Structures are given as structure tokens and as C-alpha cells.
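Across the two complexes that follow, chain A remains constant while its partner is chain B and subsequently chain C.
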Partner chain A sequence: MKTFPKPATIEPMSQRMNVEFPYKRSTGEVVGRFLAGLRDQKKIWGLRVSRQGVVVPPQSYSEVDAKAGGEWVEVAETGVVTAVAEVTRPIEGLHPSSEPFAFVLVKLDGADTALAHVVLDRLDRLRVGSRVRATWAPDGERRGTIRDIEAFEIVD
Partner chain B sequence: MSEPPKERVKYIDTNLNLPYHYYAGDYKALYLRALKDKKILGSRCSKSGKVFVPPVIASPETLAPCDELVELPHRGIVTTFCVVNVPVYGREIEIPYVVASVALDGADVSLYSLIQECAAADVHMGIRVEAVWKPDGERQGDHTDIRYFRPTGEPDAPFESFIHRL
Partner chain C sequence: MTKLRNVAVVGFAQAPIVAADEHHTGPEMLYPVVQAALESAGLERSDVDYQCAGSSDYVDGRAFSFSQVLEVMGAWPPVQDSHVEMDAIWAAHLVWVKMQAGESEVAIVCGFGKTSEGSPSHVLNLQLEPFYAAAIGLDPTSTAALQASAYMARSGADDRALAEIASKNRAAGAKNPDGQLREAATPEELMATPWAVKPLREGYLAPIGETATCMVLAVEGRAEKICDRPAWIHGVDHRIELQALGSRDLSRSESTTLAARNAFEMAGLASASAADVVELGSTNPAEELILRDALGLPASARAQGGPAINPSGSAQCANPLMNTGLLRLAEGFRQLSGRAGERGVPGAKRAVVHASAGHGLQQNIVWVLGTERRWS
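For the complex of A and B:
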């Protein structure tokens, strides 16, 4: 086998690339109705399941004892922030905003679990414990996704 | 209304987009640029003498430096392979097609490549293959410069000759 002479200097090589996973997910009976509630009713629905209370977003079984089924309960569009992760340098095409924003968990009034969403404005005032309210995508622009709630805004 | 709509949302699009800026490193940069000149480079371990393709800086086995770069022949053996029957997003090849591990003659590890110019059912372990390159002037210095491997028609390699370099 021929030896290949190693050059004294090696020019660096790099490439920008986009790795794309164009998934389409099946929602299932419970989350599918939750999303339809956002789109068609502008309402946030939870499900009261065994030994867990009102779960938002809902799931079709209890995480505590695995019992299936539950009762639909409408929860408020206001709630309290239970966790904050601020993204100061968002990545284009990956994050839901091109400006600094925060991922938050929001325990909505009437719910016993917290919902993951975003806060886009007044991040300097955002704390665990902040009161927030959902802002909605306009009628006709809600597509049956979690972003039908555009974001949560801080309530004074 | 005391419950959400019965008519549910059935699907959601969850496009995951990962923008990378990939740096090749010295050896991978040399390897890719050499493809443009129709050369396949490997590196030889200073301790075991094993040849790695694409070249690596150090052997994952002995951890010794692999500082000798070598030029490999364009022929080898299909060591193991897979017949793809499901179309994959972003890959416009007529199914069924074959993706194989190809151990180049003199290399101790194998490369992944397409096998073409024969029926998928004719590909088997030990079949001898050769690289089919993009024509001069069309090679860019990336892994698509070798379009695929095709059978050479030579006699099959014996199992013992490739079992340790799958």
C-alpha cells in the first residue's frame, strides 16, 4: 500500500448543515380532544384521573396507579409559574422564537400538574411564582397545536 | 359546554430542525479532499499496523497514534449488508437497494456504501466489489464522490478473510 505524504499544514474544513426530522405525530383520543379544545373553543381542558387530580395537558391514564379514563375539567387560562429556563441566545429554526425567551412550566388555576410553554416578554420580571395568563392565536389562525396558545404573559 | 370537542385533532406536525456547523478535523479534511483526486486515504496504527478508513488520529483499539497515511485500492469485499425496502425521506434511490459494509483490500475496517449495477438479491457476504466514481470535474470532495460500489465478477472472498473486519 502506498504511503500518502502528510502535508505540512492542513486547511480546516467545515460545513453548515441542517438535520431535519419531519415527524408527524398521532395525538391519540385524549390529547387530540385537548388540542381541538384549544383550536375550536379557546378553552384549556384537563382530565381528572385516578389519584393525580386534574392533569393538564391531559393523558388517558394515571401516572400513579395506571388506571385509565377520567373526567374532563376546564381549567383557567391563568396560573402560576413553577419553573423557568431562559434561552438568551435562541437558535434559528430550532427554538420557538428568534428573540430571547423563556421556557416555563405553568400550573394553571384548577390544575394539579404544570404545562410546558413559553414566556416571550418582560423576562426581567419572570420568576418562579409569577402569575401568568395565556395569550391566544387569533381566530382562524389556530391550527390545533399547543401554539394555539401563543405564549403566557406576566399578569401584574 | 362541559367537555372538549368530540371531533379531535388527529395529527400534529413536529418538525425537528437541527442546524449544525460541522468541523471535519485534520484527517477527515484530508480524506474528503483526496476523494476529489480519486484517492481513498486511510491511516495505519503505529502499534498494531491496522489500517483505518476513513483515517483516524489514534487507534480506538490500542490508543496508539496512526500517523502514517496510506492510499487504499478501490476494490474490496462486501462483508455485511442490508436490503432497504422502505423509502427514506431525502434519499431518492429506487427500492429495493443495498447498503453494505465494504472492506477495501488492505483495510482492517469497512466503509458504508451503496451497491448498485446488480439485483439486490445477488448481493452476498464475500462478493468482490469496486468503487464507481463521479466523473472528473464533478467530484466535490465529499462522501458522494464515490457514487457506489459494483460487483467485479471476481471469485468470492473466503469468509475467514473478512470476518474480523465487518
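For the complex of A and C:
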């Protein structure tokens, strides 16, 4: 068996490599329409698809039976939290806030699936079952991404 | 049930699981492990007719990263080689299928990945759907915490219930010389650790770890000659959940239930409770509780009787990416073949092994192993 120099004999060396893969991804017909609704209308649209009900955020095909198409349905910007993950030490360059925040899944009123997003304030009051409402990035700053919804805030 | 070909796990080797091996490249970590696995099985490289690895380009930071270990596994003269971009336990499944097809008799399965060289949180974020999930910055600890919160809301399990499961695993892990986290801790000590991502505490999670693994599988007729006590594969199945985190019920693992039903039917095993050992690929106590629920096992860490659950300490005590699942199958082999040392379950004859891939138990595989051949 080949043997390698023992750790004591050489200092371990390393090279820093930043591997980046820049992409420009087409948002497609369905995701694109949803994101345009956020950017241009401040409205949240879902797609009523086969055997899943109103899917928000929508996908191009039913996840259950792969059928395409369906009716676009506007859902409310309010909903109920179905899962909470409270981040006390945000990860730089990945998380959407440098202050403690929470990831949440929100089932919006009128939707049958839940949307992943964040809650930034009043985390001590946040729990599964909390009612929340979307807050929006200002006009001119919405770019057709999921972060055009700035966050969700707890509704009293 | 159709009569299948008897296939067994006949050898296994691993590198120590460490936070960072700064002295070796990934292939250098794997090389002595392949040699040790072959040596333990008394095999030459030329005895192996098929090889399959599980690794991830994103973990390794290079495209087609499997190609860097071809020579380590033994690529010449030209061999049948394959690869899965998944935990190596899925490579073991591919080998089993290949053997059922009559195309292999003795094969090796390798797992490798230097988790410490990149940032697992950033890397595994890229595993998610790009526009809705990755774009919001989700990382695997956060998705695990979302899942834990959904389970706790449905079941009423509290922080103490999680701490008790975690403490039980830590006590088992302390007896596992091949693990990483080897200090027992009481529920109270674990409940005093800070939140990793609430409701999961740092004490409930494995540290970053890396290793390299190699398993040898062989068909009936070869297996008995290679290994004194082969662990025969009685059944296996794997199933996947809906893709979107918000489309499925995160508080349950339907795919585990279905995979288990199919694997148990193949194995002629009535239920998970009928096995002597159950080894689960849960990386935190909430996942373990969800999996216990899916497999009809007791929800309490204090339940008496029934199979030994997670004698290795589970993935909660060592979670080296790409190897975590194969280590579960290795634990099943070690338990049934008298190679589990101090943590061995006396007289164990059948083991249920589970492993998972993706965020929040996205995909699940269930195996049944036995000390006797299933079909003859």
C-alpha cells in the first residue's frame, strides 16, 4: 500500500478557490407570470392544478399527476404559518438578513400549498398557526423575484 | 413475491470521521479505504467486476468530480463503472439492481466528499428549487428546523422529547469507535445548548464531518467464500416526496412508510418492530421521531422492548455528506456479522436500515438485512 508523508513531516497546504457558475435562468411561463404579478401588480397568483388545488407559488405542472395547465387564481396576501425556523445567527452571503429572523412556510388564504418566506420582526410572538401578512418591496425596487415580497409580518 | 438473487454485504471499511482532514485530498482519503475493504474481503482488485460511487459535484466544487476517484477505485483494465450524485447508499442500491440483472457478482461501492472544503450550507442551498426556495436563502439546518416545527405542532412533542432522543443517541455514539461525536450527554445538558436554528439546538446536531467509505457486495456463491458472516439483503425500496417543501406534509414521511412497506413485503418482515436492529438515517431527533412514526416504532426514547434503535448513535453523531447513508448500511452489516464490538446487539438476526437524501427527508430508502439467505 502506498504511504503518504506523516502529518508531522509536512505542514498541510491548501489553495483557496472561489468556484462560481454564473447563470441567467429563464423563469418560464408559469414562474415568470407569478413573479411578474409580484413586481408589477403587488399581487400573489396561484395556479389551480390537477389534484393539488391552488398551488402557491405555482409550478408548471401538477406535482401529483404531472398534468399541465390550470386556472390562475389570485390569493390573499394574508395567511397562516405552517412551519417556523428561527435563525439566531444568520449565515453571511446566504441568509436574507444579518439580524435574527425566521424562515416560515405560509399557507396564504385561498391557497392549498405553502410558500417559503421570512419573518423579520416580533419573532417572540411567531409560532405555527400565527396569522401573517405580506409586506412589499417599494415601487421601483421590485425586480421580479420572490424577494419582491419583502417579508411577512405578524397580524394581530 | 418473485424469487430474487441473494446478494450480501461482505465487507466494509471507512476512514476516521473528522471535522477536516487537512492532510489528504478526497481521492487520497479514499485510496487506503478501498485497499482495506478489499483486504478485509481477501479480494484482489481484479476480482471486482463492477464499481459504483456516490459523491456530489457541488460538495467537491468541480464538475464530473467522480472521475477523480476512478483510479483509486481501480479503473484499468477498463471496468464497468457508474456513479450516483447521491449518498453512496443509493450506489449500493444500483449495485444490488445490477446483480439482480445478472451483470455483476462482486462489486465495490464508494462514498467520498470533503465537506470541510466548502460551505455545506451554501452548497446544499443549491440543491433546492432555484426561484422560490434557494432564492430565499434556505439551508439544510433551517429546512430541518421547519420540518421539526411542523412535527412538534402536529404531535405535541416538546423540546424535552427531542432532547431525550438526542441524549439516547449520544450515549450510543459514545460507544461507537467509528463515529465522530463520542461524548454522552444528558437531556438537561443538551437542552442547555444554544439554538442552532430554533427548534433545533446545537446539541441535537452532528458537527461538520468528512470521511471516505467502501463497501463490498457479492452474490450467493461468492459471498460465503468472501465473508464468514455475510449480511444478506432481504428487501429494499426507495421513494421520493413531492418536490416543493410547501406541497407536502413535512410532519410525516409518507415516502418512508411506502418504501418500508415494499421492502418488508420483499423481505417477508411483518414490521420494523419485528427486526432486532433499526438503524435510521436521521440527522436530528425530530427526524428520528418522524421516521419512528412512519415505521410504527415507539415515539419515546424511554420505550422498553422492541428492536435496538440506532445502536451506532445515528447520523446525529456523525453526518459526513455522501457517506452518511452508506454508514447506516454498514452498521446493519456490522451488527449482523459480529463486527459491532461493544455496541453489538446480542443475537441480532435481522436489521432494518434507513437512509435519507435531500432537505427535510426528501427521499428515503429502506433495507432489510438478515443473517440467513432470503431465497434459496
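Convention: the second predicted complex is superposed on the first by the 132 of 156 C-alpha atoms of A that agree within 3 Å, B and C clash if a C-alpha of one lies under 4 Å from a C-alpha of the other, contacts with A are read in each partner's own complex, and residues count from 1 in each chain.
Methods note: a residue touches a chain if its C-beta (ideal position, glycine included) is under 8 Å from a C-beta of that chain, and two chains touch if they have at least 3 such contacts.
What you see is a predicted model; the values in this text were computed from it and never measured.
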item	value
Touching partner for A:Pro12 - first (chain B), second (chain C), both, neither	both
Chain B versus chain C as contact partner of A:Glu20, first or second or both or neither	first
Contacts of A:Trp72 with chain B and chain C, given as first, second, both or neither	first
Which superposed partner A:Gln41 touches (first chain B, second chain C, both, neither)	first
Which of chain B and chain C A:Thr82 touches, first, second, both or neither	second
Partner chain(s) touched by A:Glu29 [first = chain B, second = chain C, both, neither]	first
Touching partner for A:Leu105 - first (chain B), second (chain C), both, neither	second
Touching partner for A:Ile91 - first (chain B), second (chain C), both, neither	both
Interface residues of chain A shared between complexes with chain B and chain C	1-2, 4, 7, 12, 14, 17, 19, 25, 27, 35, 91, 93-94, 145
Parts of chain B lying in touch with chain A, wherever the complex brings them together	1-24, 26, 28-30, 32-34, 39, 41, 51, 67-73, 89-90, 106
Residues of chain A touching chain C in the complex	1-2, 4, 7, 12, 14, 17, 19, 25, 27, 31, 35, 52, 55, 57, 59, 63-64, 82-88, 91, 93-96, 103-105, 107, 113-118, 127-129, 145-147
Interfacial residue positions of chain A with respect to chain B in the complex	1-7, 10-27, 29, 32-37, 39-41, 43, 45, 72, 74, 91-94, 144-145
Chain A-facing residues of chain C, complex	22-24, 28, 31-32, 35, 61-62, 121-122, 125, 130-133, 135-139, 142-150, 152-153, 194-195, 197-199, 242-247, 250
